[in-house]
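Dropping the structures in below, format is structure tokens.
In what comes next, chain A is part of two complexes: it sits with chain B in the first one and with chain C in the second one.
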Partner chain A sequence: MPNLQLDNIVKNYGDHQAVKGISIDVPAGEFLVLVGASGCGKSTLLRCIAGLEDISQGTITLGERAFNGLAPRERNIAMVFQSYALYPYLSVYENIAFGLRTRQFAEPELDRQVRWAAELLDITRLLQNTPKELSGGERQRVAIGRAIVRDADLYLFDEPLSNLDAKLRDGMREEIKRLHERLDKTFIYVTHDQIEAMTLAERIVLLRDGRIEQAGAPLELFERPINRYVAGFLGSPPMNFIEVNIASGTMTLPDGQQLNTQADIVDGSYHWGVRPEHWSHVDSGSDTLQVSLEVVQPTGSRSYGTFHLAGTHVIAELEARALQWSGKRIALTVDMASTALFDMQSGDRVG
Partner chain B sequence: MNRRDTGWRLWLRFAIALGVTLIFAFPVYWLVAISFKSPEEVYAYPPVWFPQQLDVSSYLTLFRDGDVVAVWNSLITAGISTVLAMLVGTLAAYSIVRFRTGGDHLSIWIISQRMIPPICVAFPIFLLYVSWNLVDSYVGLIMLYTAFNIPYVTWMMRGYIQDIPIELEQSAMIDGLTRWQVLRKVVMPMARGGLFATAVFTFIFAWNDFIFALILSKSEVVTYTVKVTGYFGSQSTFWSKISAMSVLGVLPMFVVVATMQKFIVRGVSMGAVKG
Partner chain C sequence: MLKTLLDNDRTFRYLLVAPAVFFILLIGLYPFIKLIIASFQNISLFDDIRSFQGLLNYERLLSDDRLWHSIVRTLLFTAVALPIELVLGYLLAVLFLEKIPFKAALISIILLPTIISPIVAGATWRLMLDQRFGPVNQIISWLAGTDVKLLWTVSASLVWPAILIAEVWQWTPFMFLLLYAALSNVDREQLEAAQIDGASWWMTFRRIVLPAIMPVMFIAVLIRALDLFRVFDLVWTMTQGGPGTATETLSIYAYQMAFREFEISYSAAIAFLVIVLLTVFVVAALRRVEVSR
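Entry: the complex of A and B
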């Protein structure tokens, strides 16, 4: 199975540059997720790989084959679309068999393949139905079935779960992950949903304005974001950013409270990044702040408490019974080692 | 019809429906009736509402004199021009929609060709055809009908193709289809209703044409519309021949509309929603 290499891909639409020089190596069998806010170029990049868009500059190679100038059908790839793209005039069976018929598979082989895919996705009982008769989740399974039934070198997913409701999405996410493990093929998956990215990816490529912001394993991006954008993009609820002043190892918060910090930080103003889960309700004496909890939102297993440090709104993840502290002044300890400092101007991480 | 009408309301509704149907059906009945009447009955006053016996002599005359060839001529010219116009127009529409051929306004320009009153170009075309030796030929009429119908087909098919989600085509291309195969295996089935509806109207236009057929034919390729007018003589008018020929001319349309009714209704309403 071949590796995919993207080398300095540029895509222009008239004056607008949607993809601004992206290079990624995708080893065979990897589950790569392209994630970013809408308009970051992730779908464009995927469509360039599929051959649905021509690239303006750069090269795409799969193994020994250069993709530049190849029509989509010559690339031996399979793709799942957000809108499912099922043929309404064909049965589920024929929808899945479509690509095989095009490639002139013999009938017994074709039938075996279709039934194998249907079995895998648990849609065997739907084979004779038309797409119109299916629910959204079932349609998405058929769309995935149509992709996996073919022995492609590369499987592309363009926001495949975005049209499903939350509960179905959780289930399908798990199935897609399991599918990747069973098939052992290269998956490239585009999503705007950071949870999908975190849960599915072996490697995440986070895009912004047509450029790679950071690439790496999900936990690497989550725990060691290289800048404020990445830190804020991953995680839900998102990281809190608090404007602080540091002078000779002492950090002064907006409301005047002080904490000790690393000594090697240059004096000045920074954005201090604290994830909600880095707060805890213990009074350990050091690294502790006094805050007035304003609103507490229990979710069952955990609660989210909000407070203000002067003008800055902060969310902290607390234990389930935190509701009783609502409106009270409590002590919260910060896990200082896990927090991050970002440069005020560039947003780059400095500590 | 989801309201349940009872008593007099139902009867009123039924009576009105019957009345309207009669108004529309009567001319057709009268046409067919005359064609089966004997000459005396045609001119009888007060009129004979129901012919006493079916007199098929008008039809026999048409067949004996070879006048029915006119219907055949109409079939050939309308049929072939419909096929050609559908082919060219559909491809043009696909190109406009998917490749943005001609930018945003080409389709408007194309449909504007259809807005010219035919009579304006009839005589220039006649002169052109004289020099090309196309007067009174199948090729001449077929070319003309095709040219006149391409804008209509392009405009209609453009709407139907726009309604096809582009992902269906892209998915097919990734699955291994060429552009031409996509047209045949995705676009055609998806636009089937629109294709049939457009073809029927294209056919009707060519079938009903009178002005071009009159100007561009002499004796060889005479269509049924022109043939009918030939029976209005200065001395006498052959009503039974006129009606028999008209019935023969209506018959193919009747068959087409009856068999394609489902597509026509759907196609027309689809076009109505989306321009």
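Entry: the complex of A and C
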């Protein structure tokens, strides 16, 4: 199975540059997720790989084959679209069989493949229906079936779950992950949803404004973000950013409270990044913060408490019983080793 | 009394549509009934004699060779012009799906022939094809390098091509407009999915594009087929059915009968025949659509 190499891909639309020189090596069999806010160029990049868009500069190679100048059908790829893009006038069976018919599969082989894919996605009973008669989740399964039925070198997913409701999305996410483990093929998956990125990816490429912001394993990006943008993008609820002043081992918060810090860093002002889960409630003790909980949102297993440090809004993940502290003053400690410091100007991580 | 009448919702609704229904009956149904009555009569324009003569006019229809020739001519003309307009309109529509500069302006220009009246179109083409002063003969002369004087609207072999050119020129834009609208609505992601699935041009057309534009295409063809079957003004202004009866279509024949030969009641029978033929055609066509749904 071949590796995919993107080398310095640029895509211009007139004066607008949507992709500004992106290079990625995708080893065979990897589950790669391209993630970013809308307009970051992730879908454009995927469409360039598919051949639905011409690239303005750079090269795409799959194994020994150069993709530049090849039509989509010559690339041996499969793709799942956000709108499903099922063929409305064909049955589910014919939708899945379409790509095999164009490749002139013999009838018995074709039938075997279609039934295999349908079985895998649990849509066998729908094979004679038309897309119109299916629910959103069923349509998505057919769209995935149409992609996996073919023995493609590369499977591309363009925000496949964003038209589904939340519950269905969780289920399909798990199935897509299982599918990848089963098929052992290269998946490239585009999403704006950081949870999808975190849960599905073996490697995440976080794009911003047509460039790669950071690439790496999900936990690597989560725990060691290289800058404030990456830190804020991954995680839900997002990381809190608090403006602090550090002088000789002491960190002063906006409301004047102080904490000890071991950060090996020059004195000055920084953005202090604290994830909600880095806070914990203590009854008393040294090196704690006193805060007034304003709103507590229980999720069942945990609760999210919000408070202000002077003007800065902060969310902390607390134990379920935190609801009883709503409106009260409590003491919190911070897991200082897990927090991050970002340069105020560049946003780069400095500690 | 009036108040209770107006308070009744149902009555009120009928009252609102009543004037419209009245005028439709007046201008549609009344002449139609008059026509049927006239077709059973013997009417002379020179005196006031009107007498019923039963089915005599209809018997005459069956043995009237000139009538059947005009019907065959009309059907042939429809069968040739319609596919040409459809294919040209489709190709033009496909062309306009691409990014081209000044698209909106170009579409307006292309639509001009369809907007003008067929009489104006016919007169214009008659001048264009004029034997001595027409630009068409001049251009052919330049290309051929010798003086060419083709008798477009007079010569029996050229008169049908001349009408066909005018007809296609005038009505291809109509096909173009409807097909362009239909093609613009074909889902782009479906076409991309087909591209990735490796579908050929033909397979994409057959399985995705054609089914998507079918309803609109069907209506467009139906409208044009009805118009072509009743074609009158374009042909009349160009040839008046001539030379001889070479371009005498059904409508022109009915007109000749009524206003040249003053056979009012016989032409009423012809008109009724046209109505019957078209009704059968339309009902059959619509039923086919229902079946295919």
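Just so it is clear, the second predicted complex is superposed on the first by the 346 of 351 C-alpha atoms of A that agree within 3 Å, B and C clash if a C-alpha of one lies under 4 Å from a C-alpha of the other, contacts with A are read in each partner's own complex, and residues count from 1 in each chain.
Basically, contacts are C-beta pairs under 8 Å (C-beta built on N, C-alpha and C of every residue); 3 or more make two chains touch, one makes a residue touch a chain.
Since the model is a prediction, treat every value here as computed from it, not as a measurement.
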{"item": "Clash or fit (per the criteria above) of chain B with chain C on chain A", "value": "clash"}
{"item": "Partner chain(s) touched by A:135 [first = chain B, second = chain C, both, neither]", "value": "neither"}
{"item": "Chain B versus chain C as contact partner of A:338, first or second or both or neither", "value": "neither"}
{"item": "Partner chain in contact with A:290 - chain B first, chain C second, else both or neither", "value": "neither"}
{"item": "Touched partner set for A:103, first chain B, second chain C, both or neither", "value": "both"}
{"item": "First (chain B), second (chain C), both or neither touched by A:83", "value": "both"}
{"item": "Contacts of A:346 with chain B and chain C, given as first, second, both or neither", "value": "neither"}
{"item": "Partner chain(s) touched by A:8 [first = chain B, second = chain C, both, neither]", "value": "neither"}
{"item": "Residues of chain A that lie at the interface with chain B and also at the interface with chain C", "value": "50-52, 71-73, 77-79, 81-83, 85, 87-89, 98-99, 102-103, 146, 150"}
{"item": "In the complex with chain C, residue positions of chain A that touch it", "value": "50-52, 71-73, 77-79, 81-83, 85-90, 98-99, 101-103, 146, 150"}
{"item": "Partner chain B, residues of chain A touching it in the complex", "value": "50-52, 71-73, 75, 77-79, 81-83, 85, 87-89, 98-99, 102-103, 146, 150"}
{"item": "Complex contacts: residues of chain C adjacent to chain A", "value": "187, 189-190, 192-200, 203, 207-208, 211-212"}
{"item": "Residues of chain B defined as touching chain A within the complex", "value": "165, 167-168, 170-178, 181, 186, 189-190, 192"}
